[in-house]
Structures are given as C-alpha cells and as structure tokens.
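Residue numbering begins at 1 within each chain, and the chains themselves are lettered A, B, C and D in the order written.
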Amino acid sequence: MTELNVALIGHLFMGKAHSNAYRQVSRFFDTKLKFRMKVLCGKACTDELEATARKYGWEESDCEWERVVARPDIDVVDISTPGYLHHPIALRAAQAGKHIICEKPLANTLAEAKEMLRAVEKAGVKHYVNYCYRRVPAVAFAKRLIEEGRLGEIYRYHGSYLQDWIMDPEFPLVWRLEKKYAGSGALGDIAAHATDMSQYLNSDVAEVAGALTTFIKERPRPADPSGAWGSKAAGTKKGRVTVDDDACFLAHFKNKSIGVFQATRFAGGRRNYHAFEIHGSKGSLAWNMEQCNELQFFDRTEPSVRQGFKTILVTEAEHPYVRAWWPPGHIIGYEHPFVHAFYDFLTCIEEDRVPEPSFRDGTKVQAVLDAVERSAKSRRWERVRV
Amino acid sequence: MTELNVALIGHLFMGKAHSNAYRQVSRFFDTKLKFRMKVLCGKACTDELEATARKYGWEESDCEWERVVARPDIDVVDISTPGYLHHPIALRAAQAGKHIICEKPLANTLAEAKEMLRAVEKAGVKHYVNYCYRRVPAVAFAKRLIEEGRLGEIYRYHGSYLQDWIMDPEFPLVWRLEKKYAGSGALGDIAAHATDMSQYLNSDVAEVAGALTTFIKERPRPADPSGAWGSKAAGTKKGRVTVDDDACFLAHFKNKSIGVFQATRFAGGRRNYHAFEIHGSKGSLAWNMEQCNELQFFDRTEPSVRQGFKTILVTEAEHPYVRAWWPPGHIIGYEHPFVHAFYDFLTCIEEDRVPEPSFRDGTKVQAVLDAVERSAKSRRWERVRV
Amino acid sequence: MTELNVALIGHLFMGKAHSNAYRQVSRFFDTKLKFRMKVLCGKACTDELEATARKYGWEESDCEWERVVARPDIDVVDISTPGYLHHPIALRAAQAGKHIICEKPLANTLAEAKEMLRAVEKAGVKHYVNYCYRRVPAVAFAKRLIEEGRLGEIYRYHGSYLQDWIMDPEFPLVWRLEKKYAGSGALGDIAAHATDMSQYLNSDVAEVAGALTTFIKERPRPADPSGAWGSKAAGTKKGRVTVDDDACFLAHFKNKSIGVFQATRFAGGRRNYHAFEIHGSKGSLAWNMEQCNELQFFDRTEPSVRQGFKTILVTEAEHPYVRAWWPPGHIIGYEHPFVHAFYDFLTCIEEDRVPEPSFRDGTKVQAVLDAVERSAKSRRWERVRV
Amino acid sequence: MTELNVALIGHLFMGKAHSNAYRQVSRFFDTKLKFRMKVLCGKACTDELEATARKYGWEESDCEWERVVARPDIDVVDISTPGYLHHPIALRAAQAGKHIICEKPLANTLAEAKEMLRAVEKAGVKHYVNYCYRRVPAVAFAKRLIEEGRLGEIYRYHGSYLQDWIMDPEFPLVWRLEKKYAGSGALGDIAAHATDMSQYLNSDVAEVAGALTTFIKERPRPADPSGAWGSKAAGTKKGRVTVDDDACFLAHFKNKSIGVFQATRFAGGRRNYHAFEIHGSKGSLAWNMEQCNELQFFDRTEPSVRQGFKTILVTEAEHPYVRAWWPPGHIIGYEHPFVHAFYDFLTCIEEDRVPEPSFRDGTKVQAVLDAVERSAKSRRWERVRV
C-alpha cells in the first residue's frame, strides 16, 4: 500500500469537510493509494489548533504554511484557506513539486488564477479545484443523461445559488465580506459554483451581462479582531462591506444556449439552495442541493399524456458513486461529494490522469466571474476572456 | 334540441355545485340533449330560497319535494339533501318515473340503499350516485393506466380522506354530526368516497376490520334551531355527537390485494385531502384532491436508474374531459368533475346506457360501510354483504 | 337591476375564457350591476361563429368589429383579439364612449399603448387591461401580506413564465409567431405577465438589461391560410419566425430591489409555469400558476428552529375572492381569476372607480417590454421610459 | 482519555453502518469516553472478513462470537447479526458483564426479548436497541415540539414504512425471508421501526387489529448456499417464503389516540419510505426518511389565513445533533443517526444513565409485533401484552 502524505492548510468549515473526506475515502471506496493525514495547518499555533488536528485525525499541527509546504515528506498540499492565500500557497506548493487540491474559487482574481495554472502546469503536478457539487450523485447522473443525449440540444440553463446567512444587518463583517480577503462576495463564493456547474453540464460561457448588489453596506466588525476567521460575535466598531451581497447575470454559452444566473446571500429561507434547471429539445432536468439526492427529469420523447417531471431518487447502486455507500433509498448528505472528489483524485494520481475540475477549469470559472465584474461596471455585455 | 327538465332538491353546498354543473355542461361540452333548470327545492319557501334559485339560474323555487317530484314536466330529480331524505325521495321519484341523480352516500343504511336500487331498477329509470371524484381527469386517467395494465397485478391500495373542519370543540352540532340525519360521520361522508374510489380503480372490497372513533362527544347545538342545515353559529345548549369523527379500516379486496383506509375530520391542515396510493407489480400511482390536476406515476418497467415518481400534469387535450376546457398547463378545480358527471349522464340518457356509478355501485359502497360499522362493534373482520 | 351590454371581440382561447367569466360572475358574486352578453364578434360571419356564440351564451354574433363598436346599445367593448387589433379597436371604442376591457399585452408597441391610454382618459371611459393573474386568490393574498409589511424591505424579485408549447420545430407559424400580428413573442405574451406581476407586488421597473432569443427561426406555415388564427395543422410552405422564443432580463426596480426575469416557450415540461419568488428583509414568498391555490410563505421573524417555507392553501373564506366559491381545501382553477376581474370591473363601474390594472398600468408594462427590446439591441442597460 | 473496547458481531449492511458510526462519533462530537474498534466478528474466518475489518477500521477480526464475547478486554458487544442470533449472543454477553448494543428488532419473539431484558437488568449492564430513526434530527425535533405541547392532544398517528426491494419474484430467498432466521418479514424488519417511532413520539400501543400478507409465496434459493447472508444471485432451487411481505394494522394507543400502520416491501417506488403523520388538537407533523432533513409542521393556533404545512429544514445549529455537523442548509444522510446514537450511548456510559431505546423499549415493540401476529391469526383485535 502506498500512501500520499497530505498537508491541509485551513481548519475551519472547509478544513472540517476535507478532513472528513480524507478519513472516509478508503473506508468506503477501494483504493490502492491511500491518504495519510500528516499535518493540519492553521493561522496560529494554539492548543485549539492542536486539539482540532487531533479530533479530525491529523498526526501533527502547524501554523506556518510556508514551512509546511516546504516539507519533503508532504505529497499533497490542500489549500482550504480564505481566497487571498490561494495564490501564494499554490505558487509555492507547485514550485515544491506538490500535488495541489485547492478550494474554490481558485483565486481572488483572474490574473492570479492564470498564474496559478501556469505554475502547476510548469511544475507538472496534479491540480484540482474543489467545485465539489459536480460529484453529488444526482449531478453526476445528470451529466450522464446529458451525455447520452437525453436532453437533445440544450436551449436554456438556469443556475441559482441562494443563501440567507447574512441577512441580519448585525451579522458581522467576517472575512467573506471583505474584498481584500475574499475577492468578491456572492459572486466568487456561490455564483462561482453555479458557473462551474453550468460549464460542466452545458457549455463554456461566452459572454455575460451582470449586476452586483450590496444591500447592507456597513456592518459591525467582529468582536474578536481575529474573529473575521470564524467567530460570529459582533463588536461595536463598524466597517464597510466591500463585496457584493448578490450577483445576477445573463449569459450566452458557446453552444448558443441562453443562461440566467442568480446568486445571493439575501434569499430568506433558502439556506443553501444551489439549483439548476436545464431545458433541451428532448428533455429537461432540475435539481437543488437542499434535496440533493433527487434529480427531476422530464422526457419530451414520451407520449404527451404520460409526460411529467420524474423525481429520480439517485440512490441506486448503478448511480455514480452510490455503490460505495448504502442501499437504494438511503440518502447521503452534504459531505459525501468531498469523499467522491478525493476518491477520484486518488484514482487520477494512480492512473496519472488530470483530475477534474482542474486549475484550467477553475481559471475558466474565474474568467466568467471577471467578465461579470466588468459588465457590472460597464453596464453592458462583456465577453469572457480566458 | 331536446331538453331534460331538472328538479334539484337541496340548495346548500351540493345545491350550489350541482347548479353550476347544470349551467356549465353544455357551455363546454357538445351535447345533443340539454338540461333545463326547472325548479330548485328547499326546506322552506322563503325569499332567500327564491333569491338563491334566481342567482343559480333556476326558473322556479319550491319547498315541497313531494309536490316537485310529482310534477309531470320534470324529467330528472336530483337529490342533494341530507342523507336521511335520499331514501324517501328516491322511492317517490322512481315511482313517478323520473331519472335520478343522487348525492353520496346513496343512503343512511344498507337496507335503504338496497330498496332504492330495487325501486329504480323496477321503474326502469336512469340512476346515478354522485361519487364525483371518479371524474377528476387525473383519476379517470389513473383508471385508464390501470386498464392498460401499467400497474400489473395490484398488491396494495391505500385510500385516505382527511379533513379538519370540525376540530374546534365549539364547532356546533350541525346535521352532519347527527346520526338521524347523516347516518354516520366521517364514514358515510368521506370514507364512502375513498371506498368508491377503491372499488372503481381496484376491486370490490370483500371484508374489513375497522374502527370508528368520536373524539369530541358533545358539542353546542346551533344557535338557530334550523341551523343544523347550514349555519355554523353555536348556541348555548349542548348536544351529543352521535356519529364518528374518524373511520379507519383494513380491507381485503376480491382481487386479493390489501387495503388500508383512513377517513377523518381531525387531521389538522388537511382541508380536503382525498388521496390514494396504489402499488402494483409493474407500477404505482398516487394522487390527492388538493393537487387534483397531478397524477404521480411510478413505472417499474423502466431501468432502475431512471425510475422515479413522475408528476403528470393531467391537462393535455388527450386526457379525459380536458379537451373541453383549457390548454395544457391550465388547471381546473373542485367543481369541474360535477360538470363531467352531468355530461356523461346526458350521454347515457341519449344513448340509453347506465350511468356510472349507478345505484348498484352506490349500494356496494354502502355494503362496505355497513361491514365497517359491524366490525367496529364486533371487533373482528366482517365480510361485506351486498 | 341594471345591465351592462357587452360586445366581445375575439372568440378563440380568450373569447372562451371571457365568455365563461361573463356568465359566471353574478352566479357566484353578489353584484347590483350585471353583464348582458350581447354580441360575440369574430373575423368572419360563419355558421361556426354563430354556433360558438350560442354555445358560449351570446345573444348575437357579428363579424365587423367596426359595426359592433358603433352600436349604441353596447356599453362595454371587450378586446380579446390578436395584439395588432387592440389599438384600432380601443381608439374607436373610446371615441364611441364605451368602457373597455382589453386583453394583455395592451398593445404591440409602447407608442400604441400611450395613444390608447390618452384616448380612454380623454373619453372618460373605464379601462381595464386583463393581467388576470393578479386576481388568483394566492396572488392577491401575497399582495396583502406584502402590504401588511410581512416581507419587510424587498431585496429581490424573481419572475418566471415558462411554457413549452412551440418546442416542436414542426409546430406551425401561428399568429403569435409573427411580429406583425403579435408584436413580440414570449416577451409580449408572457414576460408581460411576469412584468405586471412584479410591478403589482413589488415596484415599478426602472431599468433593464435583456436578451431575446429565437431558437427555431423557420417554421411551416399553417395548412389553412387563415389557420394562423387557431388551427395547429402545419402546411408545406415555410415562413420566418419574426418574434422571440425566449425573453430574459435583469432589472433594477425603483425601490432599489433587483429583478431576474425569464420567459420562454422552450422549457420542456413547464406547461404554464408562471412563477415568482420574492425575498425581503422579513420574509419570502413563492408561487406558481401550475399549483395556483398554494402560496409559499417564509417568515424570518420566527425563531430559526421553527422557520420554514409554509404552504398556505389559499382556499379559506377569508382569503381574497374565495368566499364566493367553495369550502376550505376545495381548489379553483385557471378560469376563476377572470371571474374575479369582471366582478371587480362591475364594482368599479358601480362605484365609479378606476379598475386595476388600468391602461396606465398596461402602458407601464409596455414601457418595460420596450426597454427590454432596446436593451436586446443595444446590448446594454436601458432605462424604462414611461 | 478512557476507551471502550467494542466487539461488533455482523459485518454486512448494519456492520458497515455501525463501523462508520464508531469511527465518526468522536470526530464530530466532543466525548470524554471514546470507542476503540477492537474486533469485527463474522460467520467465517475468511480473508474477506479480515479485509473488511481492516477497511472499516477494526483492529482484529474473528469468526467465533462465543470467543469474542468472552474476551475480558471487550467492554461493549454490538449485535448486528440476523435476528435469530440476538437472543443467544445477548444472554452470553450480559452474563459476561458486557454493555450491549443490539440491532432491531430486539429478538425474533416476544419471549426471547423478555428473557434478554431480564438478563441485562440482572447483569446491570447498559443495553440499547438501535431504533436509530429516533435520532434523525428532524425526528428528535418533532419529539421536542410534541413535548412543548405544540400538537396539543394527539388524536391520530399514521405510521408507514414502505419499501420495494423484493418485488421481483426472482429475487432470492435471502435470510430476511425465512422465519427461522428473521422471525418475521416486513413486520419485524420495518413495522418494528414504525412501531417504535409511534411509541416514542405518541404513546404505548394498547391493542391492535392486523393483517399479514405474503404476495410471493415461493422464490429461488440463493445460488450460493451461504448466500442468504448477503448475495442476491438466485439459484435454480425454489424455497418457500415463510415470512410476511406486508404488515398492516390499526391500533389504539394508551392515550386514546388511533393509529394506522402499514409496512410493506411491495410499494413500487418507495425505496425506504419510513414516514409518520400525526394529528393533534393544536397541530400536525409529517416526516419521511427519504427527505429526512425536512419536518412538516402545521400550527392550528395561527390565524387560519396564514395556516399551512411548514417545511422546516432541520439543519440549524439549535436543532438536535446538528451543531456537530455542517452549517444551516447542508443536509445529512442515512448514516448520521447511527453516530448520534453512539454519541448518546457514550454519554450514558459516562453519566451512568440508561440509553434509550433500551431493551425495555425494544421489548415493548416486540409485544406490539406479537399482538399483530396474534391478531392476524385470530382475525380480531388483540391486546398488547408486555
């Protein structure tokens, strides 16, 4: 058995989800290669970090990503930090010849993303950006149905990502609400997911017309100065929100289909409503992450009296990734696609193939986000420049 | 153009629904024969009755059903009264050679129903009992799917009729809560619908094991002494509830399938939730009246990866009765099945065929209700005795 | 009893729906004033037109709208023709001092609409444009909730109108697909509904960025040369589709909220899916016409553990318009809002009030459609010019 | 840190789910006590068993449960075998002073269950029977709502557990279809879950009237003689099905409410549809396992115009067990309740409390199943004899 030593940089929400995936992947999937959870890296060398490392199953903890990335015993660097650190860490990791798993969005700007892509390609390392929803079984099955031609020619793509976690004006100015850390708001955080999904299922985006809106322009700074990194307690000082709360755009895809996208953190009651609806000449598909095991499929080739949206519970052994888990009808949850991603990553290393989505795919998403930002300023359609 | 002169006895809820159906049938369906709305008959000759008659489109009003039934110019007697009057009116109408439309349940007892059936058959008149849900397009389409063999052998039938209109203990003792007027409670009023539906879609019921429950045993009498007939204002005197609030039973059908039935007026939030779910060797069906335009169909003959409950919006021109109404996707409501029923009644008169469900079908329902009542007392399975 | 004599111009889909509403309104609602169904006007004086008139309950039929509009015994002119005739008929009817009911969209161009508005205001007649979905009980109830402040400040409005009736490339070039008759395609036919709904529930649209798409650019002409008016049989000659199949746009409302709109005739499986979702600081609402009796309401002021989208079955006596119909849980369908509209129209005549939506409201919708058309050409945001 | 050494007997479906829970519990929950996964015990000492043990995280494997149970280093015996082995293993484990986790149903007969209960109580060990659905967050939250009085007096309880995995007549005679191994069919396997749920949420069952049905009476024996334990390949020999395919019953609860239960393996399209609907004087609840993160709540105390079934996405930090997992809107799946159960088990050991459901609760379920079996034979209501 060969092991890949992993260093995970970031120990909050994504750190927790990635740790779980590293632990679980070879418990459910048969893999020749295995991950070894070597070191968890946080911002500060505290007892808390060490405790988190132990709880999540890491052998060590550290607080200097530069040191961690330079370690010769590390094979894979996993970048699960706020966005502004993706670029420096990825460049250094590539230079050091490490395979890289990077959280989305790939970078805070298109320029950074391009540089990161060049770096990994030059270094010849494996690179993967974690647009994890591609590996929800219902989504991977949607892809299969599309590839089988069951939608025919695709005319329309509607992508949504609706959340409501910052609707309270007293919710503090966490790092995700500051441009210098997060790059953008709903755009880079969740419109990015909707964009990658559309380019995966449908086609590359060619041009966009978009609008970015910030509904609440000032918020209390976190009570804890370092609180931007996790705490949600508000302090007394105010600060300016420098990212968008809401990102909407129209798109023309390269395959001539039309796209309508909306991403927002101000949709009360939609906690994590990542959704698509696709209309093609032969059929339609609809899905959302809050009922992520279900895929809606409408087949226009059936006799019209028996047509209807069918709710496929994507839990059959023959559905993508499902055989590894539970019997039909036994649903899986949010964290499972991370496991699927790491399983595929292991397989790509074994078979020397490029994981998907790669930094190239991540850069393509970045190019769309960049075009949306340009369009929001120019107030006209802007071409995507990859 | 030939006209059938109708006398409608009963001017409350069912009177309103029937009046609408008489008015609408030839506006939407092409019929050679037409109804002429001759006389509306109520309990008392009041200005209000006369105003109702005019509003609903009747030429005259009257308050003596015996007189109305005896009129030589009347062709059809429509009995939409409380249950205890079905029997005397039907006998007299049959004797007078009138065709009869009778609201459900056919009678307050099995014995009455049998006598009514004998009377109409002896008189050679047309007879129809208004289990109207058979003619919801989605239900009629379910019947077609079953007849096409798409469910295969039926194993299980689950029928529900859930309401909540009398949950408030201060809701008064209206006629539907008194045995002498209504015969029974949830049993005869709504379990009757669920029963007819099952015998229509599946098979005759052979035996049952049931339970009847009265949750609120005493209620205020209506403020208006004649209020039992419509008013919902409670008075100060109390009275005993002499019918069931809830009727549940297991059933064995003649085709060997198993049945589970529940009817209740104590299901908070289920306003008029008449539903079935049927499981067969090749497929399943599910439907409920609150979304009455939708039929759920599960096809077990599809590949398992593409199986799923399909929501068929039963609004295509090719669906039963739909062509007469609106284009696909434009739904219809509660009152439309009454129109369908009267359209079919007209056609049966024209073509000298027996309408369905006939008094014979109504008597079969009554026989099941009777067996449930016997079982609730004997506390064992009881055979249905038709 | 006073009667208003009506002339209905147009006898196809809308003619049928309007005829029903004229017949039904005073059967269910108590009105002092009543409609008298005087004359149905079609394109040609045929036996078929006369038969339709009789079937639908009209006293006479005619085929010269100019003659009909000029009749001194006519009080109300109802314009239910293809769009290109709205303008000439409305001008003539206003001149003749008739009250006007006009199908939507008000006109084929903004200029026409403005002229129509000037004409009716100058003539001092009542004018109503039939954006009928405002009077679906669930929609009127949504309006009430918004007026009660239950959504707080509205941040986002998502309006959709999805259909699929022309997806087959062999579906013929009916009048709705020719600019000279229909003005535009999905834009004027259904985006118009979505726009009016948003201006009713939320705020006037200030500016838009839009895209219009024609997926199928050529279609067979109808077999019957006059078939464009109803027949769906395709002939052998081809013709160019001169309207849009799909209309999408982003919007900024005057109240600063953001709008995302999509209207299409190419959404397989969405037969008549007119929908909105509204997100405000205190709550959210969602609705669609295929389940038109249900309103989804999310209340952000509840404790978060008990928050959730609530499905309100809008069939209580206290809900708008419902008391006139059936008991709770007994749903209504597509045609009922037309009845509500005509009831309100009668009341406005009685009380000398302006019906809503008026030609002014209709012109405001037209101004939005006009801005979308300009934006689709200019490829930038365009202001709405009322 | 103190560790509890676990021996898990059974390595198939439940073995996999339990192994996952042992691994995960202290990764997500903060526990002083921790499980140590000592030994996995299967039927035969094969390489496959050893590989499974390693894959699932066990230190050792063994194939003699008697030897395993006798090991002095084992603190907890987890019985995840077919039902017929629960009794002998539990007696031996209790005698050896081990804490016991036992899969449901507790035993194959009521007599066995009672003996097991006596044994564990006499031995003074902790005992837990894994009716795991109690710990789905939405279910635990339903319990909380009921305890807060939000349903008022409960009138009705409808429990369902619908599956379809043996509908194919060629599906082989696996151990779950043989009485000598499984005790009963749908009754003990899934009606048992529905029964426990009802006794947890509502009240103990007092009496029942039931029906047991076997639709397919003969099936091919598994190809592999030992295949009854897992393989689904059918052989050529036929064997008799000695258990029920379907179990339905009516119930009277001790709190006077009425129950309607149905459990079946013949409901096409219902893969793992474990559901309840509860109607009380103040509110209603509905839930099903295929959308297990959602709880439907209807509040009768709201004004009727704003009443409706509310879909609560039970993913808030304040919801039971949820804080340990993911942010709001990020759903969990089938296996998580097992983790919750083992977390609570650890806490009970730490705090010397009785875990729930205990063998006493498990015996109560058994008593209901026993009454259903008696009723199915006697064809009358039978009292539950605990």
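The criterion applied here is as follows: a contact is a pair of C-beta atoms (placed from the backbone, for glycine too) under 8 Å apart; a residue touches a chain by one contact, two chains touch by 3 or more.
Please read all numbers here as calculations on a predicted model, not as lab measurements.
Chemist: Among the chains, which is located farthest from chain B on the basis of C-alpha centroids?
Modeler: Chain A.
Chemist: Go ahead and align chain C to its copy chain D using Cα positions, then give the rotation in degrees, nearest 5.
Modeler: Going from chain C to chain D via C-alpha fit gives 180 degrees.
Chemist: From the C-alpha centre of chain A to that of chain B, how far is it in Å?
Modeler: Computed value for the inter-centroid distance: 54 Å.
Chemist: Would you mind pulling out the distance in Å between where the CA atoms of chain A average out and where those of chain D do?
Modeler: 36
Chemist: For chain A and chain C, let me know how many angstrom lie between their CA-based centres, rounded off.
Modeler: 41
Chemist: Provide the list of chain B residues touching at least two other chains, using ranges where the numbers run on.
Modeler: 270, 307-309, 313, 328
Chemist: For chain D, which residues are in contact with chain A within the complex?
Modeler: 13, 17, 19-20, 23, 26-27, 30, 55-57, 163, 165, 270-273, 289-293, 313, 315, 326-336
Chemist: Contact residues on chain C for chain A in the complex?
Modeler: Listed in rising order, the residues of chain C that touch chain A are 155-156, 158, 164, 167, 209-211, 213, 215, 246, 248-250, 252, 258, 260, 262, 264, 266-270, 277, 279-284, 298, 300, 307-309, 378-381.
Chemist: Help me check something: in the complex, which residues belonging to chain D touch chain C?
Modeler: These residues of chain D touch chain C: 141, 295, 297, 304-313, 316, 318-319, 328.
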